[in-house]
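Contents: one structure, followed by commentary.
Which chain is which? They are A, B, C, D, E and F, in the order written, and residues in each are numbered from 1.
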């Protein structure tokens, strides 16, 4: 291991400061930290909290119900990232709908779903648009392309979200945030600087072992001062102004709205929807979907888990009733979900 | 004859015999091949191994092979993993109406070639034709009989603390090649399946040492799944070294793009072998001389603690559980 | 949130880029990145280049730790 | 566990083992059943029979059985027809995503029951799950090993002029039951499949005489197809008496409605038996005492002339060729 | 040209008849036959009764041969 | 065997009169005569000719092409009697189209196809209406029912035919006709009486061994007089006025037109088409089918076979290039076709 990284490791293992709650907002951070075994390095005084940064985890039950209605009732071909396939809706997941004959197609990119719709004019295609700032531009490019191509058979079921107001909502759950590097690659770092003014600390970082260890070391060092701080530890990808072209396309195609986060409730202005010129690509309007309120399990403590109010293994059904094979709550579904990561990497034993 | 398989080919009359004669008998001919209800085999007393597998790969052709080759390799390898010399195969075909006859011919030819290489005889068969849409092109089930070598006492139950864990080549090629061949994600990479018949390889390992505790082909679910099975069956822990696991660059690249883990991708020509640590180098040396195991490597060892678990030493020297596989492989963005 | 893949650009053409990650190639959207050229490295997510990569992981962390 | 089979059940991980344990192991348990890649069987030297068949019946449940029972009967009967006592079976399943687990359970239960009745052990298996629409509900391939009785030398090649042709019961029930179960033609008739395991029956015939030249189960293509096969393989003529062929009234009625011929409808529990005329009555007497052959009858004889042909004596005493079957069965109006 | 099936009428109902041919039953159209009653025999073709059958094959041929 | 039948048999086997050509018009007669072995009874002087009475045999190639166009291009579900499945069109049969994904559904009755259309409003259903007087009423009932049920997704591709003008066209091909009993069950016997006036002889008969033998005996006896004759040998089913209700429904729904008979060319007024009030159920109109001229094999001598101008085994490809498995001509396709019957029952050896 190179020098700087072993130095970071030393800083972490030799930490003797006050208790610190660090929230990794991004599910991919959660996953990589577990995968690399980094949690085992941390002294007792440092607690990692897996926040709401997995779009699958925070997508409400009703959204899955809407997608299933489109597939089974309106015979739409559902194009989706693989992540959503096993997320439980009120009655079934998309995998369950597929068993009943729904056409569910996994795509790597929203642009591929647009391409598929173009090649299959006889089918109605709906792309399930979930994700944060990182993913939204791709969905926006797809809609723009569909308009340019004059597609009549393509639409989006939009549940995209933005992070800033979520940080505010989670302000008290952590002493510092590991900001999601790829969100900031789009959004830039001004948001984080702003948060410092509101007393919120954090660092932006990447996803390699070195980047993660370095970022943690930086947090420990900077926390010592007791003052709110921000540091961009991922400058090779994250520019202060982010990706202006991506921001522009998002602004052109989508506008903010209030939205529900599974487990956290409604966060004002944290959602996105298609702007008026793109309404013909809005699956909810095109298929005149009714307002759907999903029913999530009463047992699930995801909301608390996402806020660090409890650990996954504090949940009564963790690992027994709720497993990745048979998830009850959203955090158990996605690979990146906090409960899933705890379960898979033996959170009960060494997490 | 028409150039596609029709329901008439499956109705049991003249056309069925014609299909069998012109495609299967032509390729599978050998003195034990039967036209009757069953083949009659003269056997000596002893231990036989008996195994069956269904093959439903889609697409049925892929870089490095086709479903015919695969169906022979799969069963030959299952026998080989028992330390059994493959002797006889029975092959059952379910073919979709409209399947091109020239493709069936290619599949039969691949089966013939692979069976010859493995030294096994195809002695019995069956052909059914399913209506359009009732089967995805073609399914093949192969069932094999092998003779266990006297020295062979391998089983998923026999892994012991102190054993070295060997993999006979870079992992995940087959699963990756299939994923690419489906052409669903627009990704292009030069990955051929590792699909290969491994009796020769296994025989050479047994010639090297008779202390082979476990041999398993890491097929469905990949190396990760097979290691968990063995850890469970043998009540031992398995500790892997992430940096020693051979993975082709292209396979890593594809996995990176789709958020997949090579350890869970199927192989069809890779074995996981458990031998006492002391024998490991000799076995690896032998493997390096066999055609399908040039990249064989020790990737870990068996421990008494953490029974039933597979632990990974990561690239930064920390230990963490290998997540237990389960469920279909889903490409992901988060 | 957002698996990213670091990949090398092979060619750029009409708003798209052919990228290569250890031999896995795919054509992605390059519409959101200016001045992309063959040989550049980009961070790819969901079929689009979201950022140019200007440095290696190692150099980056070295610089950060130095500054600390 | 969910109440349907999912792709995850087929991915080779935890859920695959759970499915196998809870459904298949639970029903197939016996000392030779393997959890490894292959079953290990201790055999004595001698002649083994080895046969495979794929079963793709639609619907998978029908009056008189289901695909599970059928898949055991089919292979047990193929072994029995060789004069081989069925010993071991391997069963390979391909199941469509979404298939109800309780139905799978029923299928496994039927397999268990039928295997027990036939005295055969299921020792190896395989389970694959295919995506929705890639397979029509469920396919099963069974492969069997049997031990040939020393006295058994039967083959489609051994029919001799002067042999009596016996059928062990009324014909065409299975094909007719399936046709009705598909419910495509709005016809209602009380027809159950003849599907049955016939080793006991065959054993009793061999106990009666060792001069059994041919035993064949009249499955795909029915009695007519099988007789043509035998006429061809043995280079003999076969002469049938139309009025002696046992057909259930309901089966005749259905055939009349759809313009079909019972001789070409599949049976799954009927044998065609060739013995020297002198032994015929004794064999028929024996058959009448067995549970599945109460209606056994001599329906014709083997002739030296017209080799390769089956000739029918019609109800008005004239002789005419039996048309050679070929192609799918098509209900017709003209 | 026209496979015909002789069958016995079991019941008649609203222009349809349930018919029985050696135990094979099916509901067919009886619209084209007047005064059909249970116990009658009909000639059936393509799902409709095309004629009542008034005699047996044997009696019919006997009468014809007598007349000849 | 009962007395009258063995008497008939005697009359046949002991026939010593002049050469006689008897045409069994009906394919089912052809088939039953072969199946029962009756041809072997006949002395050299009597020749049976298998006429054009198999609707499958006389349906022109272009008709199959039309059906395939409906299935593959217009994605219609084709409902058909099993008989038509393997009939070769110009490029492929319906079985071949099915291999390419066409939905082909076999039905027992035209009424079942109407029922199917009613139960599947999302599918477009086309019934292939072929057949003579016996079969046409069922198709007419189906159309009437579809109109009553208000079906928008049901239509017929009509190729129904009537016999009278065909007898006239075949007048010189035979000395006597075995009239098709079930056609006469609908049409009555007046037509046959009329034909006597035009010098055409024949008997109506049924399909049992007894009926067939009796009818042949009657022909032999009555021919002795040298005068044209007619006798109804199937009175238990065939009434002089036929089935008036069936005639009425045919008249209501369909009207005569000229039509092509495969092998025989166009016979005036021998075809049927839907009348104007039923035009919305005419598949040709609904799908605006182009005029299709099929291409049949130049080798095929079906036309001559159907007229008794040659026997099937006079055709060069009979039994070699042309077999029931790979028919070249129509007469080899249907079980009832002359060439098929010759082939299947060993016409070369004992036909």
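Please note the rule applied: contacts are C-beta pairs under 8 Å (C-beta built on N, C-alpha and C of every residue); 3 or more make two chains touch, one makes a residue touch a chain.
Just so we're clear, the structure is a prediction, and the values are computed from it rather than from any experiment.
Novice: What's the overlap between the neighbours of chain A and those of chain E?
Specialist: Joint contacts, listed by label: D.
Novice: Following contacts chain by chain, what is the lowest number of steps it takes to reach chain B starting at chain A?
Specialist: Each step joins two touching chains, and the minimum needed here is 1.
Novice: Rotation angle, chain C onto chain E: superpose the C-alpha atoms of these two copies and give the value as a multiple of 5 degrees.
Specialist: 180
Novice: Please state whether the interface between chain B and chain D is built from the same residues or different ones, using more than half shared residue numbers as the mark of same.
Specialist: Same, since most residue numbers here occur in both copies.
Novice: Using each chain's Cα centroid, which is most distant from the centroid of chain E?
Specialist: C
Novice: Decide which interface, A-C or B-C, involves more C-beta pairs in contact, and give its chain pair.
Specialist: A-C
Novice: If you average the CA atoms of chain B and of chain F, how far apart do the two points sit, in angstrom?
Specialist: Whole-Å distance between the two chain centres: 56.
Novice: Averaged over CA atoms, how far is the centre of chain B from the centre of chain D? Could you give it in whole Å?
Specialist: 31
Novice: Return the distance between the CA-based centres of chain A and chain F, expressed in whole Å.
Specialist: 69
Novice: Which chain A residues touch at least two other chains?
Specialist: 5, 27-28, 54-55, 81, 108-109, 112, 131, 135, 213, 325, 336
Novice: If I count partner chains per residue in chain D, which residues reach a count of at least 2?
Specialist: Those would be 7-8, 14-15, 131, 133, 185-187, 257, 259, 324, 326-328, 332-334.
Novice: Among the residues of chain C, which are close enough to touch at least two other chains?
Specialist: In chain C, 1-3, 26, 45-47 touch at least two other chains.
Novice: Using the contact rule from the top, write out all pairs of chains that touch.
Specialist: A-B, A-C, A-D, B-C, B-D, B-F, D-E, D-F, E-F
Novice: Would you tell me which residues of chain F are touching chain D in their complex?
Specialist: Checking each residue of chain F against chain D gives 1, 5, 9, 27-28, 34-38, 40-41, 54-56, 81-83, 85-86, 105-109, 112, 131, 135, 209, 213, 324-325, 334-336, 344-346, 349-350.
Novice: Write out the stretch or stretches of chain B touching chain A in their complex.
Specialist: Answer in residue numbers: 184-187, 257-259, 309, 312, 314-321, 323-324, 326-328, 330-334.
Novice: Tell me, which parts of chain B touch chain D in their complex?
Specialist: 7-8, 10-17, 34-56, 58, 78-79, 81-82, 84, 88, 90-94, 123-128, 130-131, 133-136, 139, 141, 143-146, 148, 155-156, 216-217, 219-222, 225, 228-229, 233, 266, 324-329
Novice: Which of the residues in chain C end up touching chain A in this complex?
Specialist: Within the complex, chain C contacts chain A at residues 1-4, 26, 28-29, 31-34, 43, 45-48, 50-51, 53-62, 64-66, 68.
Novice: Provide the residue numbers of chain B that touch chain C in the complex, in ascending order.
Specialist: For this pair, the touching residues of chain B are 185-190, 248-250, 252-254, 256-257, 259, 332-334.
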